[in-house]
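Comments concern the structure below.
When the chains are written out, they are named A, B, C and D in that same order, and each has its own residue count from 1.
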Amino acid sequence: MEEEAFTDINGKPITLDCHSHSSFCREFTVSSPKVSIGKVMVYTCSVWLLAYAVFFFTQNTAVLSSAILITLVGMMLHIHFVKVDHESLLVIGSLGIQVSSSYASGREVTTFIEMSKIKDIVINEAIYMHQIIYYLCVLLKEPFEPNEVSSVVPLFQSSKPRLGCLVKVYKSCQEILSTCQ
Amino acid sequence: MGQRRRAGAVKTLSSERDSADVARICNRKHNICMVSDFFYPNMGGVESHIYQLSQCLIEKGHKVVIATHAYGRRRGVRYLTNGLKVYYLPLQVMYSQSTATTCVHSLPLLRCVFVREQITVVHAHSSFSSMAHDALFHAKTMGLNTVFTDHSLFGFADLSSVLTNKLLTITLCDTNHIVCVSYTSKENTVLRAVLNPEIVSVIPNAVDPTDFTPDPSQRPADRITIVVISRLVYRKGIDLLGGIIPELCLKHPDLHFLIGGEGPKRLVLEEVREKYQLHDRVRLLGALEHKDVRGVLVQGHIFLNTSLTEAFCMAIVEGASCGLQVVSTRVGGIPEVLPDDLITLCEPTVRSLCDGLEQVIAKQRSDSFPSPASIHNRVRNLYTWKNVAERTEKVYDKVVGEEVLPLAKRLRRLRSHCGPVAGSIFAFVAMLDFLFLLLLQWLLPDRFMDVAVDATGPHGLWRQKTSRKKFD
Amino acid sequence: MVLKIFFPQCCNRADSGLLVGRWIAGHDSAVVLAVIHYPFIPGQVKQYIQQMQAQSGVELSVLGSWSLPKEGQEGLESFLRDLSTIFPQERWLQISRQMGKTGFTCEVLSRDQTGGSARRSNEAEAKKESKDGGDGEEEAEEKVIFVHYEQRKVMLSQLHPIANENPENKSEPSTELREMFQTVAHSQPLFFLDKYDDGLLKSTHWQSEGREASIIVELMKQASVPLCIFISWLLSVWTWTCNIWIFSVFPLCFLSSILSTFIQLSYRTEHMRTLSSPKSAEGHTQFMRKANILVSVLVDVALGVFLMSWLYRDDHISMLADALVPAADHVAQQLEELLQWLMGAPAGLKMNRALDQVLGRFFLYHIHLWISYIHLMAPFIEGILWYGGLSACFGLTFALSLLSDMVALFTFHIYCFYVYGARLYCLKIYGLSSLWRLFRGKKWNVLRQRVDSCSYDLDQLFIGTLLLTILLFLLPTTALYYLVFTLLRLVIVLFQGILHLSVDFINSFPLFAAGLRVCRSYRLAEGVKFRVLCEEPGTALHLLMEINPLKFSSVVRTYRTPTYSCYPKDSWAALVKKLFIGELIYPWRHKTTKTD
Amino acid sequence: MGADGAPSQSVPWRKVLWERQPFPDNYVDQRFLEELRRNEGIREYRYWAVVKEASLVGQQLSCVAIFITFWLYMEQGLLAPETLLWTSLVCGLLGYGLYQAFTSQTDSCSETRTHLADLQSAALFLSFTFGFSPVLKTLTESVSTDTVYAMSAVMLLAHLVSFPYGEPSPPGSLSLNAALFASVCLASRLPGALHTFAMLSCALLVFALWPCLLQRLRENSPLQFTGVCVGVCTGGVGGLASQSLGGAVLLSLAVVSVTFLCPLLLVWLQRHKDNIHGPWDEAEICEDLSHFLH
């Protein structure tokens, strides 16, 4: 159970938390920084100032109320659907891999992949927006020909760690996978 | 789309299983990035040149990556033999597999490639490829040394070539070194992109002699076969071929034509075949895979090339390497390629070509030609990729030493070198490019880019990985 | 390889006894289903297990022993180990739990060693023989995972995507979790053994409470059978009436293929047929489908009755009827004004006067015809509405589709206008395009499907140009008429589309599944998720398996009853293109194509 | 090869790739670019020949001018449609006779169209034009006059631009169509249906038939051809002058510049021509290969 500081592909600080429950069961949690009050303040103020400017010209109070509503709803949606607080990867030898990402609002999305479907875990390269990044992904087998890769499940999608972090996770995943084959 | 790309990129499987040991980068000689619009899955002279050259350089212990544009679903990062890494960048293709050039939009991706691969030399190919031009431009903005290989000849007459030449002048005006495939091509390039001939080297193309070995047993004894292998387009003089076929076929009843290749001019040949009832003697094989070419070549006695312009004709070398008698038009760099006793040069007219073929056929009948094996032995050592790689390496060594012009000088050079109008326009564009680069560096500093894991080379991770995969 | 033991939560505090369950072949994992307590007679246990196996079709077996030592029960160890000789297994689990600790400990004894002298060390060696390559130095506890599951939920839940029931074509090799779920689900008969009835065996497992409720359900099932038979009889009568020849003669069958009421009718008939099939639904999907249909029909009817109650209270119907004819008159008047406006200089556009007059008069005459038709029908409208309103008792969908049909009938004239305008315009565009090619000295090559250049004669050119000029100058007039009437048409189409969409929604939305997802979310499982319970040093790893409910979107996608979809047939771009070249548009897909 | 050592001048450098020479790759010999040739195969233009060719453009300009003059006359009612009809009929017959004479004089072997066919198409023209003229009359009445003028001006310009000056007969479809379109637009502005008919037949004569005759003339007797061109130009200028002097001046300026100044410019600019040729040029196929196919 140790914390380590890394950066994501845009240089923002993230922390990797490795939690080893047992020799064949580890949990990795990548947590990105909390949503900063300053940012929220800036956005809210900007929206409200804009609204006030509009209100100043069109003497219509509906503008202000709508602005408040917009900011609230926007914040709600943001923390509920956009802002991912931390993503965790639970590797249980010979049982499977569980990927879960929990949003700032506490909403949690979890998927469990059985070991019989997993072919391998690899670090891969992809072109993302205007840069080329490394990412960790789980390769799934074709149901019938086990050597074919049917599809790919990328891990840590919202907080994109850099190579160093990925390699650390990757290595200990490989340990477990190799011991439990 | 991301999903799709990743699904595509899975080919790279566990090439990065082990961690990035950056130390390996240091003992390299050069980190080279080949940039061109034309690469596999597209097929042609430039493509094979880039591939073979890269392989040889990797064998020599350099690090080579290739950047080209995405071909349909083939986008992202792929690995080829010996861990040759290919970036298929998602840039918009404009026409004939050449990307649209705005001198700016391709900067972010190319910068990413250059930085993360720690490139020291940028090597661009083919003046048809606008991506190559962009790469040269950006590389200079980023302060990298550049090399450019020109594979094609251009006229000076029509408007399009005038424009292309202007573009070439601009992109090559501060390129460190230029490589041409033949002396004619060198002269042409020097004239087009008003250059100092001292910085233009001539390094011919090569063919892999082991792929093109003669096999006389394949030749039918009762007939004489003329083989033509080229794309069926105007530039390859297919109209001439359409004139030659009936002339000779009427004279020699035992003459057969074997034509490989595809293109718009196929109609011409088919019409000729229809008109003169030559279906049994003129066989159109359609498009050929590179591996099938040898099988076609060895069936023939004479190799005919009717091109109207060629910088360096690989086809005739392949033909000669298979022990065929080569008859070709005297255009472009072709006279330089083969010694006179291996090739019969004619003027690009039906008359002259027919005469040349007549002589060769006559000699063939009296078989006063050396045996295919001996021809092969002579040709075998003329052009090898190893030699090409050595000479290119020299160019790199020379280039790396040179200093890159700072922005001010670069602008001045552009203004002075490329004429007042275009010069100042592109000086402005260079300014923009520089500012854009600054913006990008502010948005994403270089230190936040992961250095790419280096898999290439004989001792690279690639080999280790494959070997390790074997025993587990 | 790690041994996984799926352990029901309800057995956590059970008294010591035998573990009954199943080894999942190939996955090296055991599913514990129940604990049979002391005292028992081994023979009876075996017999009981065989009987259960026969009932459930799951190869049950005695997995091992479970000991929860209370005070006064010491020295069980040896006894438990001896049991393994009584119930011969190739691997004998020996799960025990100390009072103080939360975690369990487990020993795995394999057959080849006699029960007496089983120590962890040599048992580890045994493991080494049994499976190669595994490093035997590791502690036994660390090689065992306890997965605690809630028996009831797992038993009731259905894992998605649904594996097809018929075993001959297995879509994919069933995975470990699937096996586990199926095991628990199939071994239902095992759980009927109630802890209160005094049988020979006492066992601990999930106990279903409230038998009474289930009795009521049984009664209802019994009652539903004759109802089903009755409905199916009605249906057969109905279909017979539908199939007599009168309905298959031209105009009627054509009408029934056009009018959406008929289509809704046939659709509902099919629903009822599926519902009233006397044999019970086999498989999960069938059952869900039936349930969805039933619920949607009920809701539909309820809504319809509600509507009716509103209609027939203080005669809204007559008010509607009185409102309708003036409305039609009003529309017609508006149209006339529109036409007058068009025949002048609409929006300052100068149009060819002669053509303008001709078209305008033509359309005016049409409107005149239409009005007279409406007034002819005026006295009957109330009756029509009254009887039409009755149809709402079949459900809201009927009322809606009837409404859309009525709208279609009442706006027939607009449709006619649209068709005339479109045809005229289409003709013009076609002629213009070909003549424009002639103007440029090109022609359309039909064989090669491309435009070739060709040299025309003088006279061809001359006449072509004359015609081109004429068409070009007459184009704006027709285009304007076409535009106006197309807009009218589009408004109506939009209205009908909304009606169709709502009907389709009511028909196809899986209400039952959605309700299930809301109330009993574990019934529809997308997968599972694990939580690490406790890790004390020395004990094995304990996981809690929870059920990951299906997402709403996928619920709707999976259980949406296949229906005649009436979504836009072609994309917006295609629609606009069609409008431009003046093709006739029927934006709602032809209703006989069924899409799931 | 490619040894970067000092090039030993003992062996001369050869422009070949197959043998390894003791020169660096970027070695530049003094024979570099020796095959460069400038301005080869360039044809010298002589002034009067160019003028003779350019006179065709001038006469086409003035043909348009003549047509416009007729239209102006008709619009102001100074010219009765009957007279125009008769004159154009006479001219047509005259021209037809000349045409036949030329064809019979040159070669009647390539003659395919019979007199019957000619008669037929003539009848077709006349009947169609006559039938449509009332429609055409009402066609553009709702369109504003300026629009019509602008449209016809543009069309006439298009006619002039796309006119096949190299080979006036058969007239290029685009040019003829543009001219006819313009004439229809103009004709629809005239007071009566008969006017329209007359105008259109006149347009047919000027734009469709006249170029064919001119082509024959050019082939057979170049001397008379120039004479005719001069005549037409003067006619055009004169006709326009009778309506508006400014137009006439402009027209004459245009004709003069096209026929005399532009050739002068061309010949003068010849001296600055600088084409680079060399072995890299794409060889063009000079001989005609079509006979192998057809």
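Just so we're on the same page, a residue touches a chain if its C-beta (ideal position, glycine included) is under 8 Å from a C-beta of that chain, and two chains touch if they have at least 3 such contacts.
In this text, all values refer to a predicted model and were calculated from it rather than measured experimentally.
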- Pair of chains joined by the greatest number of C-beta pairs in contact: B-D
- Query: Quick one: subunit B and subunit C, Cα centre-to-centre, how many Å?
  - Reply: 56
- Which integer distance in Å separates the CA centroid of subunit A from that of subunit C? 31
- Note on the structure: Rounded to the nearest Å, the gap separating the Cα centres of subunit B and subunit D is 45
- Note on the structure: Averaging C-alpha coordinates per chain, one finds the centres of subunit A and subunit D separated by a number of Å equal to 71
- Query: What are the residue numbers in subunit A that touch two or more other chains?
  - Reply: none
- Query: Taking each residue of subunit C in turn, which ones touch at least two of the other chains?
  - Reply: none
- For this assembly, give the contact graph shape among line, ring, star, complete and other. ring
- Message: Per the touch rule above, enumerate the chain pairs that touch, sorted by label.
- Response: A-B, A-C, B-D, C-D
- Query: What does subunit C use to touch subunit A in their complex?
  - Reply: 1-2, 4, 27-28, 138, 142, 145, 147, 171-173, 175-177, 527-530, 532, 535, 541, 543, 548
- Task: Would you mind writing out the residues of subunit B in touch with subunit A in their complex?
- Result: 2-3, 5-7, 9-10, 12-14, 16-17, 19-20, 75-77, 87, 89-90, 108-109, 112-113, 116, 440, 444-445, 447-453
- Item | Residues of subunit D touching subunit C in the complex | 121, 124-125, 128-129, 132, 135-136, 138-144, 170-174, 176-177, 180-181, 184-185, 204, 208
- How about subunit B: which of its residues touch subunit D in the complex? 153-157, 177, 182-185, 187-188, 190-191, 197-204, 235, 237, 239-240, 242-243, 246, 268, 271-272, 275, 308-309, 311-312, 329, 331-333, 335-339, 348-351, 382-383, 387, 390-391, 394-395
- Query: For subunit A, which residues count as touching subunit C in their complex?
  - Reply: 21-25, 27, 90, 92-95, 98, 100, 110-112, 114-117, 143-144, 180
